[in-house]
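Two complexes are shown next, each including chain A; its partner changes from chain B in the first to chain C in the second.
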Partner chain A sequence: MDKILIPRGLQRTSFGNFLMWILPWTAMLAVGVYAIYLCLAEGLFHTNMDNRFAFGIWIFLDLTVIALGAGAFFTGFLLYILRRKELKAVINSAVVIGLICYSGAVLVLAVDVGQPMRAWFTFWHPNVHSMLTEVTFCLTCYLIVLLIEYIPIVLKNRQLRQIPKFLVFEFQLHKLMPVFAGIGTFLSFFHQGSLGGLFGVLRGRPFAFREELGIWPSTFFLFVISAAAAGPSFIMLTTWLVEKITRKQLVKPEVYKFLGKVSGTMLIAYVLLKSIDTLFWINSTSPGNGFPAFEFYATQSFGTWILFTEIVFFGLLPALVLLNSRLRENRKILLGAGFLVCSGIMLNRFVMTIQTLALPTLPFDDFLTYSPSWEEVATFLFVVAYGMLLYSLTYRYSVIFPQERELSQMNGELSQQEFADGGSRRPFWQPKFVTDLLNKFVSTKL
Partner chain B sequence: METTADKKYKYGMVIDLDKCNGCGSCAVACAVENNVPPALEKMNKRNGLTWLNVSTVSSNEQFPKSESVFVPMFCQQCEKETPCMTVCPQNAVDVDPTTGIVGQIPQRCLGCRYCMTACPYHARYFNWWDPEWTEGMKQQLNPDVSPRMRGVVEKCNFCHGRLHAAKQKAASLGNREIDPLDYNPACVESCPNKAITFGDLNDGGTSVAQLAKSENTFRFLSRLGTEPKVYYHSEKKWVQEMAEKSMTRTHVANEPAKEEYHG
Partner chain C sequence: MLPWVYEFHWTAFHITFLLIFFTVFVVVVSTVILAMRRTQQAEKDNTMESIQWHSDFDDLSPAFKVCRHELNGDVKHRVCDHGFDCRSCTVHPLLVSKQQKHPLLQFEVYGFTMPPYRMYHRGHTWVQEENDGTYKIGIDDFGTRILGRAYSVELPPVGTRLSVNGKGMLVKKSNMNIRILSPIDGEVIEQGDSEKGWYLKVKADDSKKVTAHLLKGEEIPNWILRELERLQISFATCGVGATLADGGELAPDFHRHYPKADWDGVIGQMFLEA
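Showing the complex of A and B:
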């Protein structure tokens, strides 16, 4: 029933199949909405955060998704500023993922703060010394940039393309894209960095505190570089996932290899700088504040293994793999390395938020533990569901991968009948009899 | 960032741990003075509101050598690089340059809790619940202090309501300066053992300034460089060593210390 909305020459699953696909995500979204309602209407006592564990799973996952969404700015930078044309194949996907990650993070932040209606106070009474002020300003501006970058993708819809004014608008926007890519890179540099600075400036938390380089703590730069390493890997993984779900080739193999190479290059730089930073912190910063660094790892479950895992297993190992052109030829190894990179970023953000708060500061403090409440988990799952829905809708009704049409024809995936139907294939997760039943139902009832 | 460079007063405290018997009257007086709502049944020591929290710290030695001290912990009024003030995104934390008191502006607070993360003394509290008082208790609220709403952070401010009252009294008498006897935080007044001494640290003639400089007086986490204005005093060697030690060094040498809740 929605064939008139599906871009010409592209193959999409039937409307019934699509409904089946979005149903569980919509259900997850609904549970998330209820959890958000509880937190906003009744209070944050619905969470398991407390006065000592003032940041929890929301901040940890916000930092993670913002790092993973960095593919949007870094791909834009490489494509529009450094003119790496290979990335044109994934730039739309990077923008959609970036938009999902950033808007999702902002939404969760709005639930996380006690007085979300006062968010504008930061613009009215800004404390220029606070890293959070920098984050708020840059995040807001960059979200607007992402929305502008998302408009041309929406305008690729078959029906919208029939409106001449939209075509002109899209054309003009495309001409301006390098400007937005430049602004996006500038803003992302600052907010990714400031997110790292959030913890690096915490003089009262010697586990997180780092010396300043210029006016920023070293974590500022580490967060920028690590996000630039994780972003391309995450695009690689999500593109592969979309290919698996749709059972179609969407980009050429060279794109994967190039993304892997970019990720590996940034990661090796990150591992080097992170190692120097850690050594300086162990030998100078932390003991200078009265806390011998290895005592942080003597407590409970957070041993030195966590440091080793972060730097070697999730850092050096995937970096070496991604920098080896022969290993990049193997798709499984390439994706495996990309998965390790993303896991490493996740672990780093976990260490900076959760481990920092779990460790004692006063001599008579205890080591703290925290586990999120169902409302906290459901609120975050809301973002996952929202992301899946937005990506699915954009994929179905627009053109996310420019090489898709060409590759479909090359691979002979699209029969004449499927082309005429706008495509109707059985998704990988659905048994054949369900597909047949759904198609029958849709064709008779709808 | 030096926050009290040009001020006239520098209010601070010295708490004699050898005199404190952990009765908790300071915590109760603080709550009553500052309209801190009573704890709800579902609250615990980690999510309740206790501007002043008394912890019990043990020497962890075998009986009969075993000893313990009670450590009242609240905002330490950091003077230098005040951790909570520098991180607040919307200037909801300020340091009064004329008194050195670190204040909180709940009406401007976003409730992001970044200041709580920044505070090494865990002296900041978030209103996870709506504040509730029974009808009778509402009649006893202090008219000089605004109750806070759900979703904002609050903390000790050396009883700013009392400071304002002292200033008003001085103005009504035609004086520009307050009488030191008119301004004492509630915890100082309520301590039955007179373990807390309060006053102007800049005035060398005051008891507090002399005690702060005396032998066996120390500050917690002094190596962080935030120059707190709350000092602690104890003649006991193990207490002084405990204050100097950082976290696990205490725990590695002895058994984990127990913390007691006086909410």
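Showing the complex of A and C:
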């Protein structure tokens, strides 16, 4: 049905199967739209946040997706500035993931602020002393850069490339990509850093407060390095997931290994710096603010196990695995380590937001608890659904993985049996009788 | 944000922060404008077709970009990085000088009629030099069979300048539009048709170098064999599924046997369109 839109030489599932795949995500998106509408139209009382617990699931999501989306800037930096050609195989995927993560984060921030009609205030009347102003400016600019980087992917669509001007514009834009990669790296360095820099002004929260090194607190650098470590791992995991869902090999094994090596190198640097930072905080910063550090871990839910898990289990362990070339040869171990890295970054952002606000800091404070409302969860799921839809549509109608053609030809992966239903593959998530019914329906229609 | 906007202060922080922001903004916008201007310039300079071909060529899989010298067995493995234009390749002349030339005598190559006095472009067109120094251009037998029976060809008008790997002609079949690459540089001086057996007569720009990139003589059987493999690959990835080499010939109208295949995909790939 939509064959003319699918890139030449690439096999995609039938239109019916694709509709079945996007249906649940579209439903999830619709629920999210309703939740967002409630929050924006009626007010933020729909959330379970209050004046004391102002960092909820949304900020946690924002910090996490921005860190995971760092693969876009870091891959671009390695490919276009440091000329690591291996990453050409995943750069498009990194851009799409980056676009999803950043646009999702900006959207959730807009809902979190709750005043979308006054969003322009932050640009027109910026408080230049605020780290969040820097974050807002850098996020917006980088989102524009990601949109520009996304244009060539769209223009490579089979029908759009028939228009000569589009294809030539894509070519010219592609030639200028190092400029965008450089700007992206600059902006990402500052917004990732500024998100961490926020903890340099949280003097009232000694659990998260960090002292300054020069003009920035240690968390500024830790956020940048941890994002650079998690980004490549997240690209590795998403690529593997797309391969599993589509049952195709999309990149060569060397690409996985290289991503793993990059992630491991950045991670070991992060673990080292994080350990020094934690020791300094335990022995100097926290006692200096009147709190023995281990008092923060006295509550059962957030014991010292969380610190150990973050630094050792999600940090040191995967770093050592990813730096070992023999272990990188084993795909399961490589992906397992990548999963630990991504889990580590999620845990770190959780600790820095939710745990920070839950812990009591004043004598009359209690341990605060918070659980998100359904509207908050639905908004979170909106971003997930939006991401799945954008990625699925881009994958179907454009070329995300440039090695896909070559690999599908090399593998000779397409067998007669797979095309017995008229050229469509049965997705792994779909029972056979549904595929048969869909194909019957499509062929009757045609 | 700006000096006349409420809450702007003439402080170092304000000025530095906003200067950095405006610099980033200006660089982003001017880079996009530069890309647009270069696109316009390419249109003026008539280099759009060349860029289109480079984009198409870049998107072809390495298996489709094998160097002619690998086909001939001169080198073990080599992927072309000159868009099948050997005239700009520095390795090509070195390898040509080492070749032992044996002229091809047969007309039939793996079931295809490929007259040895013609030269062939990788995009399935042939070039034949006439006594008056002009060149006739047509679609080769392999290409004709892939296109099947019912198709029409849109030809460039007389006086049009053609460039190697630019658009030579446009084939229309059902809802498909397939561009056929021009095999040589030159000016169209006469239009032909399928009944005449050729489509264009061209006055070449530089008669010495005009055919250096085209396949000749004993190169043709090796190339056709590889094209048959390429056709199988295209079938496999365009909805026909696995096909087996049985040593037979390509049936004249094999399209009707695979009605569900993505024929635009197969034909496009065979004519080097990504």
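Convention: the second predicted complex is superposed on the first by the 433 of 446 C-alpha atoms of A that agree within 3 Å, B and C clash if a C-alpha of one lies under 4 Å from a C-alpha of the other, contacts with A are read in each partner's own complex, and residues count from 1 in each chain.
Just so we're on the same page, a contact is a pair of C-beta atoms (placed from the backbone, for glycine too) under 8 Å apart; a residue touches a chain by one contact, two chains touch by 3 or more.
Bear in mind the structure is a predicted one, so any value in this text is a computation, not a measurement.
S.K.: Which term applies to chain B and chain C once both are placed on chain A by superposition, clash or fit?
M.R.: They fit side by side.
S.K.: Quick check for you: in the superposed arrangement, does A:R161 touch first (chain B), second (chain C), both or neither?
M.R.: second
S.K.: Determine how wide the angle is at the CA centre of chain A between the CA centres of chain C and chain B, giving a multiple of 10 degrees.
M.R.: Reported to the nearest 10, the angle reads 150 degrees.
S.K.: What is the contact status of A:R203 with respect to chain B (first) and chain C (second): first, second, both, or neither?
M.R.: It touches chain B, and chain C stays clear.
S.K.: Looking at the overlay, does A:P126 come into contact with chain B only (first), chain C only (second), both, or neither?
M.R.: A:P126: touches chain B and chain C.
S.K.: In the superposition described above, what is the shortest C-alpha distance between chain B and chain C in Å? Please give a whole number.
M.R.: Chain B and chain C, overlaid via chain A, are at closest 8 Å apart by C-alpha.
S.K.: Taking the contacts chain A makes with chain B in one complex and with chain C in the other, which residues are shared?
M.R.: 124-126, 129, 133
S.K.: Name, in rising order, each residue of chain C that touches chain A in their complex.
M.R.: 1, 5-7, 13-14, 17-18, 21, 24-25, 27-28, 31-32, 34-36, 38-39, 42-43, 48-49, 51-52, 54-55, 59-63, 175, 177, 233-234, 236-242, 260-262, 264-265, 268-269, 273-274
S.K.: Which stretch or stretches of chain A touch chain B in the complex?
M.R.: 43-45, 49-55, 112-115, 118-119, 121-122, 124-127, 129-133, 136, 198, 201-206, 288-292, 295-296, 298-299, 356-357, 359-366
S.K.: So in the complex, which bits of chain B are touching chain A?
M.R.: Those in contact with chain A are residues 1, 42, 44, 46-48, 55, 57, 71, 73, 81, 83, 86-92, 108-114, 116-122, 124-130, 150-153, 220-226, 242-250, 252, 256-257, 259.
S.K.: Give every residue of chain A touching chain C within the complex, in rising order.
M.R.: Counting only chain A, the residues touching chain C are 3-4, 6-11, 123-126, 128-129, 133-134, 137, 141, 144-145, 148, 156, 161-162, 164-165, 167-173, 175-176, 179-180, 183, 186-187, 399, 402, 405-406, 408-410, 412, 414-416, 418-419, 422-423.
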